[in-house]
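Dropping the structures in below, format is structure tokens.
Next, two complexes with subunit A in common: one pairs it with subunit B, the other with subunit C.
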Partner chain A sequence: MKHLKSRHWIFLGLFLVIGITMILNVKLNVRVSPYTQKMFDYIDSLPPGSILLISFDHEASSLPEIRPLALAVLRHAFKKDLRLIGVSLLSEGTVIGYRLMQKTAKEYHKVYGKDYVYLGFRPQYVAAILSMGESLKETYPQDYLGNKYDQLNLLKSVKNYNNIDAVISIADGSLTTHWIEYGHGRYGVKILGAVTAAMVTTYDPYLASGQMYAMTGGLRGAAEYEELLKISGGGARGMLAQSSAHLYVIFLIIVGNLSYFITKRKGRK
Partner chain B sequence: MDIGTLIAGVLTLAILSFLYRDNPFYKFAESLLIGVSIGYILVITFNNTLMALLFEPLFKESDLWLIIPLLLGLLMWGRFHKKTAFLSRISIAVMIGSGAGVAIPAMLKERTLKQMSNTVVSLVNASGMPDFTGIIVILGVISYFYFSREQKGALGKIAKVGTYFLMIFFGTTFGYTVMSRMSTFIGRMEFLLSDFLKLIH
Partner chain C sequence: MNRKVPLAVCFIFGVVMFIQYFSQHPTARFVYKSILDYWQIIFAFTLILGIISFVNNNISQIKRGNNTFYRIVAISGFLIMPVVALGWGIKTGSPFMWMFENVQAPMQSTVFALLAFFVASASYRGFRARSIPATILLLSALIILLSRSNIGGIFSDYLPNIADWIRNYPSMSARRAILIGIGLGSLTTSLRVIIGIERTWLGKD
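Presenting the complex of A and B:
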């Protein structure tokens, strides 16, 4: 115990708060925000067979936050019988994106090549976004598994963004900005974002200006999306833990401030 | 428990052990993460870029136009020797020139002009009346960044109002970032408690 410093106690407290609330496994009621509702409504309104391009623009480090969000969006798309084209503009997201698509496709008995394809990674994201706007086939002569573009049934009718209803960028950084600037700005394709909570304020101005069509963010966004889909997933499971962790942080801020003022007062005396 | 889960669980605990203090377990997990990440990126880039976009079309399909990017790529290696270092400047010039040519108009239009026009449009609400909240926020924030005059008197007061709005924005961003980091920790805790320790289902 002598070895423990104040920061250790803070970490231990957080560990216990999150651990205990997760073991309790109580589901909180989640109120759906207009952001998530708009995203859900758009995907829900698409007729079966519509094509969405899902771009996995994230790294492995943000997987705990991105995974529930990506799963919720993919489940919704497959549930609505939409056809999905997966790409990745960050190399670390490549295998993650493929596995997530594979997992959700299996749940809804979707067939590779017909209902979904995964094209994989392309470097230089600006060049890749612009190139896809001209020709998806030129950008990806073959898919992630090595199949030729023309061999994939789903891609036969897809030349560029004109044949895609929207792009969903699943991102943990500023890559969605490039989709907005080049994908939407130059080619007019609808951009939707499923982003980490840290990026929400970055994309808010684009949402307000209409350059980005809809967005959902963070674990909270995942919980809201799961609520709309009426399924239980990582988002909903994490809500009690997240709320408790936030209360714990607020408690620490209050204690920190009180101790600061008390110390200051003692110093004056 | 499969071997993958076991390794992931042990490595997660090794990384978390840094919260106590730096130790060999953390160092090992950190080095492993960096090594695996770099190796993975190298393989993905080689297979998806050099093989798929350059070598295969050039040598299998004889797409001779690809000799140009191949040469530009090779020139970059000139940097390894003093006498040939100047050659890499050609590739860098092409890269920066084309990059700037693509980025500047797009960024100017999408980040600056469209955002500015949306800001101005939003100053008048749906019923045609001025939106005073918007006007106060914009005047305040712009005044804060006006450095050509000393910020005192009326300008100082308006700039002060701008500071409060900036603080609200930074506070919101910080709050969201905390939320994001908590979510990451919750995700790892979920993995530890469910897949690794089987305490929750």
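Presenting the complex of A and C:
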């Protein structure tokens, strides 16, 4: 025990705070923000059969935060009988996106090729976004599973962004910016974002200017979305861990500042 | 010659891409689509370059006896994933999918999650109200953190509104200033590269 330094106690404290809160399973009071509400309302307003392009622009490292958010959005889309086209602009997001779409499609008894397709990864995100604006078929002659583009019923009526209602970029970095700059800027396609909490402020200016139509962010966004869908999911659970960690950090900041001022006062004396 | 050819290629493609943006002529569309295809092909080659660099670096470090065990693990992972993908496919239930979901994804998430512990430690040591700007930053951070941690609604309902105000005014104005700066900077740098004034990208020789 005597070998433990102050940072080790801080680490132990964080572990205990999160662990105890998760065991106690405290009920969260989720207040739905206008940002998430706008995203939900848009997807909710689309008529059945509308086509959304879901872009999985994230890596495996952010999966605990991205997964609840992606699942909530996908569940909403399938629940509303929307048709989904999945793509990925990061190689790691490819497998994750495929699994998430497959999982949610199964829950809502959706058929591959008719209700959803997964096209997979294309290198160089800017070129891929621009290329899809010209021709989705030329960008993806085959889907992720090797089926030819023309063999998939859903894609028969899809030439480019003109045949897609909106793009939802599920991202942990700045890739949504490229969707806004090139997808919306050049081709005018509507962009929605489901991003990590750390990236929310990055997209605020685009949201305010209308270049990005709607956005929901982080575990809080996922929890809010689950609240709107009236389902329980990883968002609320994750939010519990995150909130308790936040409170612990606030406690540490206060203790750190108190000790700073006490030491300073003693130094003056 | 070593410098003139790349400069000419850069100038021609820069001007062509600029002009085609304003044209719907079939030739302009064809050039644009072809360039998009080649762009992706060139990027795919950079991935090969990355792979060669990764293997070379790890093998040379193994020869020197530097972190041999970890480097063998890295190379093994690098070899195993494509082998199982080519051998058994990438569909659900395949060894590739199993390894991705049960090895790669949890490992990456774990490393990322360690950040929380370092943030907790750093908040105790570094987040001090040493000056007025530092105090403003500290108070803003506390308000944002509290508004995002409203367990059981224990804090005031005004808190999210204050946090939204911070996000929508001071934070967004600073972010916009940065974005405009980046935009203008990118524009001038691009023009300098296309015209040939900026030549650092060519290297020293």
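The rule is simple: the second predicted complex is superposed on the first by the 269 of 269 C-alpha atoms of A that agree within 3 Å, B and C clash if a C-alpha of one lies under 4 Å from a C-alpha of the other, contacts with A are read in each partner's own complex, and residues count from 1 in each chain.
FYI, a contact is a pair of C-beta atoms (placed from the backbone, for glycine too) under 8 Å apart; a residue touches a chain by one contact, two chains touch by 3 or more.
The structure presented is a predicted model; accordingly, all values stated were derived computationally and were not measured.
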*Please indicate which partner A:130 is in contact with in the superposed arrangement: first for subunit B, second for subunit C, both, or neither.*
both
*After superposition on the shared chain, which partner residues are touched by A:19: those of subunit B (first), subunit C (second), both, or neither?*
first
*asked:* I'd like to know which partner A:142 touches here: subunit B for first, subunit C for second, both or neither.
replied: first
*After lining up the shared chain so the two structures overlap, which partner does A:121 touch, if you call subunit B first and subunit C second: first, second, both or neither?*
first
*For A:180, decide between first (touching subunit B), second (touching subunit C), both and neither.*
first
*Should A:44 be classified as contacting the first partner (subunit B), the second (subunit C), both, or neither?*
neither
*Tell me which partner A:81 touches in the superposition: subunit B (first), subunit C (second), both or neither.*
neither
*Which residues would you name on subunit A as touching subunit B in one complex and subunit C in the other?*
11, 14, 60-64, 95, 122-123, 126-127, 130, 197, 200-201, 205, 208, 220, 242, 245-246, 249
*Over in the complex, which subunit B residues touch subunit A? Could you list them?*
19-20, 37, 40-41, 44-45, 48-49, 52-53, 57, 99, 102-103, 106-107, 109-111, 114-115, 118, 122, 169, 172-173, 176-191, 193, 199-200
*asked:* Applying the document's contact rule, which stretches of subunit A touch subunit C when the two form their complex?
replied: 6-7, 10-11, 13-14, 21, 26-29, 31, 33, 59-64, 95-96, 99, 102, 122-124, 126-128, 130-131, 134-135, 138, 145, 197, 200-202, 204-205, 208, 220, 240, 242-250, 252-253, 255-257, 260
*Going by the contact rule at the top, pick out the subunit A residues touching subunit B in the complex.*
8, 11, 14-15, 18-19, 22-23, 25, 60-65, 67-68, 91-92, 94-95, 120-123, 126-127, 130, 141-142, 177, 180-182, 184-186, 196-201, 205, 208-211, 217-220, 234, 237-238, 241-242, 245-246, 249
*Flag every residue of subunit C that touches subunit A in the complex, lowest number first.*
29, 32-33, 36-37, 39-40, 42-44, 47, 90-92, 97, 100-101, 104-105, 108-109, 111-113, 116-117, 119-121, 123-125, 127-130, 138, 141-142, 145-146, 148-153, 157, 160, 164, 167-168, 171-172, 175-176, 179
